[in-house]
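Both complexes shown next keep chain A, but they swap its partner, so chain B is in the first and chain C is in the second.
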Partner chain A sequence: MPESASPTTAQSFVAQFGALRDTLPGAGLPWLRELREDGIARFAKLGLPGPKVEAWKYTRLRPLERIGFVPAGAAAQVDLDKLPALLPHTGVGHRVVFVNGRLRQCLALLADQPEGVELGGLADALRHDPDPLAAELGRNGNGARARDGQPLFALNTAMMQDGLVLRVRRGISVALPIEVIYVGAPGPEPVAFHPRNLIVLEPGARATVVEHHIGLGAGAYFANGGTDIRIEEGAQLHHYKIQDEGPEAIHIATTHVELARDALYDGFILSKGARLSRQEVAVQLAGEGSECHLNGAYMLRGEQHCDITTTIDHLAPRTSSREVFKGVIDDQARAVFQGRITVHRDAQQSNGHQLSKALLLSDRAEIDAKPELEIFADDVKCSHGATVGDLDRDALFYLRARGIPEAAARDILIEAFLAETINNIAAEGLCPALMSSIGHWLGGTTGRTEP
Partner chain B sequence: MDSLLEIKNLHARVDGKPILKGLDLVIPTGEVHAIMGPNGSGKSTLAYVLTGRDGYEVTEGEVLYKGRDLLTLTPEQRAGEGMFLAFQYPVEIPGVPNTTFLKEALNAQRKYRGEDPLDAMEFVKLMRRKTKELGISDDLIKRQVNVGFSGGEKKRNEVLQMAILEPTLAVLDETDSGLDIDALKIVAEGVNALRAPDRSALIITHYQRLLEYIVPDRVHVLAHGRIARSGGKELAIELERTGYAAFAEAAA
Partner chain C sequence: MAASIETTQQVQEMGERTYKYGFVTEIETETAPKGLSEDIVRFISAKKEEPAWLLEWRLKAYRRWLEMPEPKWANVTFPPIDYQDSYYYSAPKTMDGPNSLDEIDPELLRTYEKLGIPLKEQEILAGVTGVAVDAVFDSVSVATTFKGKLEEQGVIFCPISEAIREHPELVRKYLGSVVPPGDNKHACLNSAVFTDGSFVYIPKGVRCPMELSTYFRINAANTGQFERTLLIADAGSYVSYLEGCTAPMRDENQLHAAVVELIALDDAEIKYSTVQNWYPGDKNGKGGIYNFVTKRGACRGRNSKISWTQVETGSAITWKYPSCILQGDNSVGEFYSVAITNNYQQADTGTKMIHIGKNTRSRIVSKGISAGHAQQTYRGLVKISAKAEGARNHTQCDSLLIGDRCGAHTVPYIESKNRSAIVEHEATTSKISEDQLFYCRQRGLSEEDAVALVVNGFCREVLQQLPMEFAVEAQKLVSISLEGSVG
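Up next, the complex of A and B:
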């Protein structure tokens, strides 16, 4: 195909949309058609984000622009039984698998599932019951509210084919985690896909969603995900994500979370894969007493680039947010942390705390940290901070003086550093899986010698 | 082999500044020696040179341990060879449980010596026995390494590590400083419990007090980077009476 020969530009995506527009899911739905047209128009106007956009100041899309991507076609050949499982089979209620953004499997692993859990793929939902989706998908206005206009979220809206749709009905508590595995399976040509996820928890509902993003093989692919989350009154969502994409993958994920009164969003992101990744999370604490925990850890080496950009808006009284991101950066890798907390005028008696900590393991590693706090209310408690350092030399010597070899001593200190963020998450049962994910990463650290 | 540690004409500097200036010291196997001296005489530098800390540069002389060159070994190799330093200022390591740390340390040393690692059960048993012997509370081992410990708790933790690792040569760097009498007794019991014909210890201290509980075979006075005087246990008592002023003048 001609696309693969030439580099990616905004125009190449617009052309792809032009070719696909009549075959995309829900093409016969006027509201969706309008939403998609609006998305592609926005994207065409904004273009691929570049250095002139403040929110993209530290992240360049060069790895994307260098390669030509074609839209992912019918699902690649993948043996679903051989996918690495993050969670033990017995600890999972549902397992959903997407390959190159398309639903391949949606299984209830236990016979006794509560009523009132609607779980499936977006393409199916658009085919069979599209009406409830209209309000949800258009809710975040193609990112128009966001500070950078979110061109890639607009592109996602235009191009979305499939994704996770989860609705938990009023008062229903889903005890076991719902595991969602997103597989990137690059073919002979680099492929692009734009999964769109939708999670709605009705009043008083509870659920835990664990996303596991993995790549098969070493080829390039572009996963441009979008997620809309709405948590209604008193509902609680635990949302944990492990980004472990293939080494040449480009992973962009834009998430919008809206919380009603006394709702809780407990989010965690572990980012360790992909050549280039960006997690953009925008949280609206819209209901009084709503609460957000947003934690994460990242581990980078080689020439990896990881961007964490978060925006938390306190819009109502007595809202609270707690955010801790910690990262370890080796070799020439680079991390970006941009965190903004805004406490709006009506959000009295709110509190917001944010912390970014990074360990640089090499002289050429880099982090750009930009914590921001904007307060327009007068009765609030807020704090933010950012630290950068290398491993504590005194601690390293202390461990070595007790007989622990240097490489192992470094691993112990790195693991302890990152563990703090994992210990912050509410679903303790998932901590071992996350810790072992850190352990695997440490096993492959470069520049070290085993005695 | 008579001497476990043999230091010959040791010169060392820190940040380019000479601290040790021709130190000679022999510790025979099975003996406990004390090094006393005024502040700034090089006591802690000696402890760090022996354990291989970065930034402590040996410019002249040699150190033989078990008859072999000690200075070419890494800190972890020295530990594996049975050397232990009780730190003057034990380091806090947030996020690492004390038990995990101790198990890693013990098994790393066992691996170095070609011994099988202890499994979780065996280790717990060993830990229980040692904490009981030393009268150290279980609480201490469940917490993160030295995090939020009082000065006394940190020193107790050093002694517990020493008891578990059973070193051939224990170096105690002012372990007695800032301790009340109960904590001091725990430290002394820890050292005395390890006294054996095949083990030695080097007690670095500013005061004679600890030596009432750990009676040394020999006492050395370190002043201006050299051993200025050596004697029996009575030397410590004499120093307590006269102070270090005589050595300050003698070397000036």
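Up next, the complex of A and C:
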């Protein structure tokens, strides 16, 4: 991809917004206009996050700044056959496809939606029934609550065109997983898109959402996603995400999750694609007894940079969170893990546990970890752990002593290391798919330097 | 755990009484004019009869300081410091270097006696060895004991102003080599206006025959204390150094910005222990010392070792990160810390372990106890550079919260660029378990005693690193600091 003459700056996005302002979906809605104007103003004020912003201490946006991006136009034509299916029985579950951030109706099997489930695209929803969206889209105030102000989330609000809208009505259980495929299809020019997803589970509802982010072709594109999730009383959301974007892609995703009393959020992120990626997840355990599981794995090589940033706020009594992230880093890749658990004053008798483990497989790989605890309540149990190292020599020796060649032994150990985060995934058929994804990654190992 | 009514009353009654070092010594002092300017820097330098290079060094630091921003990243809040509303030099009159202990103002001797610091060269405690003490009173060192005995072994232990005169080659070589003047705003200010502090040099192969100790006392009002400690352990030597500090109770905040530099050469070992008990302010958070300290040790030589142990109970605000730069292969850095904050105290403390040499090892054990309205933060960095083959770090930091108006924060940074390095970090936060308390109470201990027992057990791993003389004091401090806050 030839690098464009004009690199990306905060101003170039502001200019893009200026040009698109009146054609963005919902341009006629005063509340949305206000929200977008607020978003772009916040973004213009904060700019692209640099080294002085603590939450971005270890992640530079240089790959983004080097390239000039244009807003993605109407969805490029994508051949249906090219889309890999992640879940084994596609066609039975629900499948929604977005290309460059825009819903491709024709690929989505929306026909047989069960009763009480509203599944569709944001642009459509803004056209036909925008009012219920007002409260949901404005819920996270363009990232104003976050300590770094989330400039890219504010940009997302300003520029959002489409995305997933899912609402599950009271007491409804969606038995089959909803698979959402986000395709990045780079054209002749590097494109940028800002999908915005909304998921609302009403009291007692249950659903499983599987996000699959893939790239077609090797070109650069910038996917700047935002997701607002609200889980009402006693509802349960299982949310699994596989980030396998194209090799030159830049993938930024900001997710806000809010839980009411006794609600459950079970999140998982597998991050293996993209040149530069950042997953920022902010969970608010706002209702008494709510629970959050947030797990993930990452596999990096080449010059990949992967940033996982999570903040979990315990706001109500008897809330609990469990977080495990594991990753392997090869070649010159760099991983960043920043996890913060905050237990607020009223959140007595809460539990928070966090674990981050990383394996460095090469002499030039790097990991930066910053696990944080902030505790303001005294009757709590919180812990975090972080480890960094190479594979266990004794374990390696054990396998080699049994006649397994070193490379295979290493693969076995890496697979076992990562498998721990995957084994708890409840969605049927997803575990084997993820395991084979790990196997595939291991098979593609290049240029590993042996000790 | 909710405090009982009795306990709450007790806390109120105790208020300021718990700080027993809060008295003021009435003594005539000589002070520099209030405020900070190049003239003050020149005044201090002239007062100390310093060579031109040092004055130049100070002035350079001062000019740099003017441009440096205040560090804002720590989790502490306080109104902006008015640097012009303070004295930068204050010394007891007639204190131009007494030649022997007999010449010291008896009022000063009484002060130190009251503080429990022996300035007489006596064989204290039941121990075989004594402790050599350098006593720093406001801006000057007033006495150094056992100098003669130490000199027999070639150990230099004297005020730094004396070292500048007597051993300029050593001072010039090492001063600012671990903490350069531009390191941070507080260290920069210290470089410009440091007045005294201790200088220690342990020659090759010498195991220092006794514990060395410096006792810092702020006495004068509106005075900042800016001491500078430089400790060099030459190849194959060993030294254990203790540091203690107190100040009177005053309603204004006083600034204490010290710099400590340690240098360990091949096979040398330095053990540096601190019991920090500056006046913490009253129960409403009024007054107290701002303790903004830069402490850093460089393990320059192979197989060298630097071990920091600190018990932090005082100061209104603590901002302190004793660190180790592990340059030499196989060098070892250790950091053991107990920090206790009560009432409205704030502490942001921790360590940095920078692994550069091969097979370097570091160990961090940090225990934080927060009570009342206090906020406490552990902030640490473990950095493994690409060349640090086989480096190893283990970090453990535990926090204990007493009451629901305080906070505990853990902010560790881990950066690793070497695959063969192993870094492990674990942290927990909890309250004292009901089971533990129940067990103790069942055996007839009162609730307060039970809590004290559990807390002491919680801190034990760190306290046992302290030299014996300090361990006893530290244990007492731990219980005093928490007295009345639990129940």
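In this text, the second predicted complex is superposed on the first by the 428 of 451 C-alpha atoms of A that agree within 3 Å, B and C clash if a C-alpha of one lies under 4 Å from a C-alpha of the other, contacts with A are read in each partner's own complex, and residues count from 1 in each chain.
Assume contacts are C-beta pairs under 8 Å (C-beta built on N, C-alpha and C of every residue); 3 or more make two chains touch, one makes a residue touch a chain.
Just so we're clear, the structure is a prediction, and the values are computed from it rather than from any experiment.
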Which superposed partner A:394 touches (first chain B, second chain C, both, neither): first
Which superposed partner A:402 touches (first chain B, second chain C, both, neither): first
First (chain B), second (chain C), both or neither touched by A:373: second
Contacts of A:32 with chain B and chain C, given as first, second, both or neither: neither
Which of chain B and chain C A:259 touches, first, second, both or neither: neither
More chain A residues in contact [chain B versus chain C]: C
Touched partner set for A:155, first chain B, second chain C, both or neither: neither
Which of chain B and chain C A:360 touches, first, second, both or neither: second
Touching partner for A:416 - first (chain B), second (chain C), both, neither: first
Common ground on chain A, meaning residues reached by chain C in one complex and by chain B in the other: 451
Of chain B, residues touching chain A in the complex: 51-54, 74-76, 78-80, 85, 87, 90-96, 100-101, 104-106, 108-109, 112, 161, 165
Parts of chain A lying in touch with chain C, wherever the complex brings them together: 54, 343, 345, 348, 358, 360-390, 451
Chain A partner contacts - residues on chain C that touch it in the complex: 1, 73, 384, 386, 399, 401-431
Contacting residues of chain A [partner chain B, same complex]: 392-395, 397-406, 408-409, 412-413, 415-417, 419-420, 451
